[in-house]
Every structure is written in C-alpha cells, then in structure tokens.
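Below are two complexes that have chain A in common, paired first with chain B and then with chain C.
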Partner chain A sequence: MNRYENSAVSNAGDIAKRRFLGQLRRGHGIPGRKYGVIYRSVLMENLQYVANMALGFFGYFVFIYIFIKLWEYMYRTPEELIAGYSKEQMIWYVMMTEMMWFGSNASAVGWQVKTDIRGGNIAYLMNKPYHYTLYILAKYTGEWSIRLPMYAGLAVVIGTVMVGAIPGFRLITVPAMALCIMFGLTINAVFKICIGLLSFWIEDATPFQWLYDKLILVVGTIFPIEIFPGALQPFFKLTPIYTVCYGPAKLIVDFQPAKCVEILAAQAVYLAAGCGLMFFVYRKGVKKLYVNGG
Partner chain B sequence: MLTAVKNQTRVCLLSLKYNIMREMVNKVTFLMNIIFMMLNNACILIQWFILFRLREEIGGYTMREIMMLWGLTAASFGLSHILFARVFSLPELIVSGKLDSYLVQPKNVLLGVLTSATAVSAIGDFLYGVALLLFCGLAVGGFLLALLLIVTGTVILTAFALLFGSLAFWFVRVEILGNQMVMGIVSFATYPDGIFQGISRFLLYFIIPVGMAVYHPVHILAEFDAGRLFTVLGYACLLSTAAVAVFYRGLRRYSSSSLMEARM
Partner chain C sequence: MQAIRVEALTKTFRVRRKEKGMRGSIKAILRPQTEEIRAVHGVSFGVEEGEMLAFIGPNGAGKSTTIKMLTGILYPDGGRVEVLGIDPTKKRRQLAYQIGTVFGQKEQLWTHLTPYDNFRFFGAIYDIPDEEMEHRIGELAERFELHEFINTPVRNLSLGQRIRCEIVASLIHRPKVLFLDEPTIGLDPVVKEQIRNLIRQMNREYNTTIFLTSHDVGDIEKLCKRIIIVNDGQIVLDDSMEHLKYHYLHKKIVEVKMQEETALPQVAGITVLKQKGSHARLEVDTGAVEIGDALRQINVENMEDINISNVPLENIIMEIYRAKDRQQVKAAIAPVG
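What follows is the complex of A and B.
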C-alpha cells in the first residue's frame, strides 16, 4: 500500500516536474513571452515583403548621394576638419543616422497609434491580454529587425564604394554600437507612441509627429551636435536627439569606450523615463475614450 | 468646345471645394495641419543657417537663392497636392481596380481622378512657399513671374507622378518606385544644383525633371532669361502631353475588380 502510495506521489511529482519543465521550454510563465510571440509573428510576416522593402533603397540612395555631394563641396581640402569631423566621418555620420531613419520606418509607429485611436480599433485592442503600447513596441521591433540589417548592408556598400572605410573603425566595437542603435530606435519609438497617444485628446496628432521628426532630422540626423553653436550643445545633449541618433552614429564614426558608457547610461535613463511617460499618457488617455459601438 | 472646358473647370473647382469642406469637418485638426506644416518646413531653415556659417555661398547659391529654391519647391509641391493629390496614389487605384466610379461619370476621366482628393497639409506647404518668396524681396513683376513658375513646377511634378503612376497599368509594385521617384525629386529640389556635377547634373536636368521644375525657375528669378522661361514652359507642355497619352493608353488595359463603390 505504502509502496503504491509512494509510487503515486512519485509519479505525480514527476508529471508536475515534467509539466513545469515543458512550460519553461515553451516559455510559459516567462514575463513578456506574449510580446516575444508578437515580435516573432511580425518578423515572419515582414520576411514576405523583403522585395518591397528593397524598392525603398532608391530613396535612401538619393538622400545619401545628395549629402555626399554637399559635403564634398563644403570641405575645401581633404584634410580639413569641420566641428572636429573629417569629410569621411561627416558623410558616414549622415549615412548611419539615415540608415536608422530609413531602416526603422518609425513614422509607422505614430501612424498606427493615431489610426487605432481615430478609427476606434483601440477599443478592440485594449481588451486583449497585453498592454497596447508594448504590443505596438513589439510589432515595431519586429518590423525594423528585418529592415535595419538590409539598410545597414546597403549603407556599408555605398559608404565603402563612394566614401571609403570609416577611419579607425574596429570590428570588435560592433556589438556595443548595435546595442546603442537598438536602444536608440526603441527610445524613438517610445516617444513617437507618446505623441501618437495625444490622439486621445486631439483627433490627429500627426502635426506633432512632423515637428518631432523634423527636429530629430535637422539637429541630430543631418548634422552632429558639435556643428551647432557651443551655447546650444549642452541643451541638445539633454534632448532625446542625443540618445536617439547622435549617440549611436557618433560611436560608429568615432568609438570611445567612455563615450559608449555615457551614451548607454543616458539611453537607460531616457528609456525608463520615456516608458513611464508612455504608460502614464496611455492610462490617462483611455479614460477619455468614448466607444460609440458599431 | 468652350462650354465643355468651362463645365469641366467648374466640376474640378467643385470637387476641390468639397474635398476641402470634407477635411474642414474638424476645424482644429484642419488648422493644425496647415500651421504645423508651415512650422515643419520652417525648421529646415536651421540647416541652411548652419551651412552658411561654414561657407558664404553653397553651389553658387546665397541664402536668398536658397529661399527661392525652397519657396518654389514647397509651393509647387503644395499646389500639386492641393489640386491633384490623387495622382500620388493613382497606382493603388489602378492595381485594386477602383477606377470604375470615375469611368462611369460623364466628365473627363483623368481630371475626375486627379481632383478627387486634397491633402490638407499641402495648403501649409503652399502658403509657406509663397511666404518665403515674398521674403526674397522680389519686385511685383518678379513675384508674378514666381507665381507662373509655381504653376509650371506644379504641372511638371504632377505630370511626372502621372507618368510613373500610369505604369501601374502594366507593372505591379510600381507605386513604391513611383513614390520614391517623386520624393527623390523633392529631395534634389531642396539643394542647390551647383553641388552636382557631371552625369548627375545631366540626369537632374534631362531625365529627372528637377532642373525644369525648380533649378531653371530659380535662375530665371535671380536673373531673367526668356530662353530659359520658354524651355520650362515647353517642357511642362511636353511632359504633361506625354503623361496624359500614357494614362489613356494604359486605361485600355484597365480591368475592373467589380468592387461596388460610391463617390460621395
């Protein structure tokens, strides 16, 4: 009897243990697993549209070509430095920031949030067993995971052929740069979601997206911060521009370990603050939501 | 003939009026779109202030010519998107077979399609462009000439988009390339032609119509040249004729998706 009882207990323990291990293997109980599933499904979906994405290369090439010609004109001699950047570094800087811009297609994030709120789809999405903002973030990450490497490859080819290698570039620094780029894109998406969430109060937040995008473009994308008057530089370093585009691109053209740590620390602070703001705005926004049925 | 033109013009203007009225349902959003687009465009001037701190002239342009360049580009792009915004989404209509509702109307098909949408933010682009040209210190005659050049720029941009959009009658996925080409024109049109040399300069003047839409007009405004003006006018007529011909040629290949749709 005892033997059978012991055996039964032992079997139940084994089953529970096996079930637990199975769940662990499948990822059950792991926080954020559902966002991983969303990410994977978007990634697989986007793999079907690689050819369409490649057609967008033309726009990137045009932009880069214009900037190569512009900086070739601006630099009188090959040795000249502007704001501490050589011609090659300046062009590579623009190529890298534009790669992040084109490769992430962050405008889709703001557009999706605005469309969901304006069209009423939010009422359906907010009842799902996930947080709406994190769902958008997971989707966006799945999209750029395909686009960005494609644009990175194109940037390397264009840069190597038309400009030459980045002076002093070391392959070993690539993981740190990749981490900075990843954080930069996520911070940008968080802020764009925050702006998109303004659609809860105003019908269309797109005009705010334009201004945010244009400031990021003019201040951090087409120029490094050092090119601006000295009095403005400390102010720019406190804005998202420093963490979204300037920081990652600066590391690519001129990697310094101390700078890398500084940028990663600033990104961590911005990401935490940005996420806090995003959850707060969302919580306030859904209270404003009116569902008209249909 | 004159009555037909008059009637068609009246229909186009009514279409524009109703497009704008539809967008004005929410007045705050309507005004914000216009004002913020003007601010958005104004931000890019920062770039030029920075660049002119480094060099006194860029590609033969001073700040005044840059303002003319931006003024003409923004106003032409804006007017094109106010009057003929649908041309920029024409491939989508063709590929999804949504031209039916235009084909059954007793008016010109092409004009019916082109004037069926208006981009509100483009009003901001247009106003910004005109304001920038006013700030350039042009005389009255020069300003009137600038208005004529805005019209030629609008015709060239619209015709180019129509030409590329009509390719959707033959090829799929052409809308992505068409959008890229139009945005390529706008990107090139906001930088001085003096920085481009050799083959790229040839392409910008003879293949991609940036030279005809914007660069020649800027040179005409800076220093009047009748020969250049007639070249621009002739090119605008030629390109629009070619674009219309390609559209109607392609329309013969159009097949409906039998989608029930009503135009309101």
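What follows is the complex of A and C.
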C-alpha cells in the first residue's frame, strides 16, 4: 500500500468515525431510539384527542363517588382502621388504583395484539426494522402518557375536595411513586401482550384477558391485598398484582422507603421475567402465523 | 446478480372445517376437523437486480403468500428463499433495512399525522440521520409532487395522494427491492398512470428491483418486462412480456363495417364474434389461416372501414388463469398448427 492509499484509508476511517460520533450525539444508533420515536408519534397523534379522553372523566367520577360513599358507610368512626388503613387511606388507595386503571386503558393493549394477529395486520408491522412487541409497548406507553396525567389531576381534585389530603403525604416522595406507577403499568402491559400473543395458537385469547383483568381488578384495584385472608396474602404478593397496582397505590397512601425499594426490586424482577416471556412467546408464535388472504 | 432467489418454495396452511348448522358447530367443538390447504407448492424462480417483475395470478393462487415469505412475514414449510443474499426467516429485521413494501389495501401511514411527520417517523425507524432524512424527504416530495399536502393529516388526503405518500414512506430508506402488492387498486386512470411513471422512474434512477402483484393488466403491461403467473400454488408461466405478447398473440380481432349487410365466410380459423347489420366482429386465428387470406375471404369491395387489433392481454391472462398447469397453459395459448 503506498503513501496515498494509506492516507485515503486513514481519511475514510476518520470520516466514518466522525459520522458515527455525530450520529451518536444525535441519538442515532442508540438502542431503543426508534421506540422513542414511536412513543413520540403516538403522543403527537393522541394530543389531538385530549377532549375525547376527557369524556371518560365522568365514568371515573361516578365510580369514585360510589366508593367514597361505600367506605364512609363501612367506617363507623373516623379513627377506625380496616386492614390497617384509615378511611382516607382506603379511599385514596381506590382512587389511585382506579386512576391507573382508567388512565392506562390497559385493555386496549391486549386487544390490539389479538386483533393484529387474528386480522392479519401484524404482517404489515412485522416487516419493519423493529420488534413488534416493543412497538406495541412503545405505542401503549405513548397513549397512557397523556391519559394518566389527566386522570391524576382529576383524582387529586376529587380527593382533595371530597376526602381531604392523604395523611402524612410528602411531595418529595412523588418521583419514587411515579417511577413505581410507570413500572407497574409497563409490567401490566407486558403480561397483557403475552396473553394477546396466545392468539397465535388459539382462536380467541379474550377469556384469558378477562380472567387476568378481573383478578387485577378485584385483588389489588378495588381492595388492597390486606383485606383478604392472611393465608392468601403471600400468594397475592407473588403475582403481578403486587407490582402492577397494589405496590404503587400502597406507596402513595403510606410511603415507606424500605417498602419502596422492595416494590421497585420486585418490579425489576417481574419486568425482566415478563419481557423474557414476551420475547419467547412471540418468537415461538410468529412461526405459527397464518394470514388470511395469503 | 440475482436480487431474489427462490427454490422449491412450499407453504401449507391448516384451516378448520365445520359442518353447517348448530349440529356442525357442536361437532366441531367435540371433534375439531382441519384441512390442509396447499398455498404454495414447489415454486422456483430468480429475479435479477433492477428487474421489474409481475407476479400475478387469480385470487387464492398463492402470490401474497409468496410475497409474505419473501419479506420474512411467513415461514416456509419447505424450500429456500434468499432476498439480497439474506434468508428472510432468519434475518427479517436485517432484511427490512434493504426492502420496501407497499400493500395497496393496507395502510402503513399513521392517519392522524401529516405525511411529513410520517416520513420522519419512518426515517427514524430505519436509522437515517436527521440531515440525510430532510434531504431525502425534500427530494421525494419534489419527485412525487407532495408539497401541496405534505403538512395535511393523512386522514384528509385523497386515495391517490395517500398511495403516493405510502410509496414515498416505503422509499425513504432507499430499498434495493420494492414489493408492490396492488399499488394502484381503486385509483382513477390519471393517478394510476402517475404512480406507474414514478415506479418506472425509481427503477431507472436507483436500479430498484420491482416485484409487483396486481390484477390491473395496465400495471403489468406498462411496467414489467417479465411475467410470472401462479395458479393453485404453482408457477404456470414464466416468460418475458414481449414473448407473451408477440408469440402467443396468434389471434387477431378484425372489426369491419360493410356498405351493406353481407354473409360472412364460414372458414376454419375465422370465428364470427358478433354481427349486427353491416357491422361485424371476427376473431382470426393466424395459426390456422393467414391474416391476408382471412381478409380475402371478406368481400373487400363492399368494405367501408376495417380495424385489426390484437386480443387484449387481459383475455390471454384470463385463459392462463383458467388453465391448471404448464401443459394446459401451453395448450390454451399456443398457436394452432
């Protein structure tokens, strides 16, 4: 190789290096960037429907109003504790879990996977350079990113006006709570995607979605785990319920640093296991894909 | 170099069968019955880089299944597929960077976003740097004349505008192979022609390999130099367009207007398709009778006007569709004698 060739190679190397560093600065080549773009696109799309989303406020208000009245009836004295919760804590607990339920619209994520597979639309999403399951997850995250803060605002207003402040609430704990809620919603979505992916094998995964939803709703959303018999509680703590809704809501009404660490650790384990399961089921299922009309 | 190589490709679907009525429904629960449908059976072909190929067939022939196997969406039961040297089943995502797909009946654009935001989205998905992306959007928008509506939400665009945007979204990463599945479905003739011109231009300028399926004979005739016809999961014809048109077009349509009504000749090779007063429409099989001889059979002195044309390509394709295998295709379209 002569002097000029050497210099050409060196220049080409420099250009490639500069281009790579430039791309890295702008975020290109960073794993997960494209899922951030999907998230941003959904956000842009959903911002046009903020008014429509607000229509769901009425349903949330009715639901919460019924529970406020129910718990006011159940608590005979203001000092009484039920399963370790004061009346204010109990109502705020339900308000927070329902806020997550209404604000995340989690049933949409499982429904979308099911419809994509059974309707064949998955074929047109699979041949893009992203992972289908992460695409769905990013899309879903973009959807709840708008809805949830809206419901959180409404919950704070209803709660403050009708129930009063959460006993012992400190503003400094909000970031940790937000993190727990975020992880909880993501874990829920991952499990719902896993159930939706069963549509690769079975005609309709709706019954499984229904069972999962009702389990989460009854154990953990409407009632905290402590309400149930002591023998069942360790079992519930091993299920996604603990990380999806009970954990984050419990932290909001009764924040303890040790409990926060415990919940975050459990969420990390569940998220890793859930994602592993999701990728595994998808990899197996995609080979079974049958698309109508070719 | 071959952009696509397919050898003995096979795909079978297992579908549920149910007898009619409530009894059938209950029986299907207790003893589910399935049936194997052979969608693609032993298909082999190759496509050269920069080639424009029409891959056509009647509904249910297996063409969409083949496209889906070529793009890595479906897993073949047997055989081998290579697109740009990549096995789509093993490296689907790697292949996705090199190919583009347009499915005329499906939307890939985000309908609530503008075409510009959509192009930015697809550019990011394909890891295109920002400056490069802007450059490409500008270039494609000019070429496809999108400036008027590039900032209008996709849901407000006409079908023709949307399809143009769909194609641009598929080209943003400059794919080497473009799969087009009925790209002009539902479009008016002017927009169809516009889309065809753009596809031709893209093929000429970027040497993009075009793999087209369409039921529109205009798309096939005006774009492709080679045609593969599949039927019942098998290739029944693989030929050049030129060969198909000029070798197999052994039938001519002769339309004549006589000065007065006359009896038409009853000669082998001449079929009277329609006669109404002094107007007549004849089909002349040039394999059986020379066109000159056929014309001599008609009373030329009594003739006021004449028009000789080929049998439309659509009719030839229809005959091929009716045939079940290569032998039947040959018999259906080969010249007599």
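Just so we're on the same page, the second predicted complex is superposed on the first by the 267 of 294 C-alpha atoms of A that agree within 3 Å, B and C clash if a C-alpha of one lies under 4 Å from a C-alpha of the other, contacts with A are read in each partner's own complex, and residues count from 1 in each chain.
Here is the rule we go by: contacts are C-beta pairs under 8 Å (C-beta built on N, C-alpha and C of every residue); 3 or more make two chains touch, one makes a residue touch a chain.
Please read these numbers as outputs of a predicted model, since none were measured by experiment.
Participant: Could you tell me if A:Ile82 is touching chain B, chain C, both of them or neither one (first, second, both, neither)?
Facilitator: first
Participant: Could you look at A:Phe58 and tell me whether it touches chain B, chain C, both or neither (first, second, both, neither)?
Facilitator: first
Participant: Determine, under the contact definition given at the top, whether A:Phe223 touches first (chain B), second (chain C), both, or neither.
Facilitator: A:Phe223 contacts chain B only, not chain C.
Participant: Once the structures are superposed on A, label A:Phe279 by its partner contacts, choosing first (chain B), second (chain C), both or neither.
Facilitator: A:Phe279 contacts neither chain B nor chain C.
Participant: Just chain B (first), just chain C (second), both, or neither: which does A:Leu211 touch?
Facilitator: The answer is first: A:Leu211 touches chain B but not chain C.
Participant: Looking at A:Ile202, would you say it contacts chain B, chain C, both, or neither? Reply first, second, both or neither.
Facilitator: first
Participant: Both chain B and chain C touch chain A; at which residues?
Facilitator: Correct list for chain A: none, the interfaces share no residue.
Participant: Please output the residues of chain A touching chain C within their complex, sorted ascending.
Facilitator: Residues in contact with chain C: 22-23, 26, 28-29, 33-34, 37-38, 41, 44-45, 48, 121, 123-124, 126-131, 286-287, 289-291, 293-294.
Participant: Spell out the residues on chain B that touch chain A in their complex, using ranges where they run on.
Facilitator: Within the complex, chain B contacts chain A at residues 26, 28-29, 32-33, 35-37, 39-40, 43-44, 46-47, 50-51, 54-55, 58-59, 121, 173, 176-177, 180-181, 183-184, 187-188, 191, 194-196, 200.
Participant: Which bits of chain A are touching chain B when the two form their complex?
Facilitator: Interface residues on chain A, with respect to chain B: 51-52, 55-56, 58-59, 62-63, 65-66, 69-70, 72-74, 82, 202-204, 206-208, 210-211, 214-215, 218-219, 222-223, 227-228.
Participant: Please give the residue numbers of chain C that touch chain A in the complex, ascending.
Facilitator: Against chain A, chain C makes touches at 13-15, 39, 62-68, 71-75, 92-93, 96-97, 99, 101, 103, 106, 108, 110, 112-113, 117, 121, 124-130.
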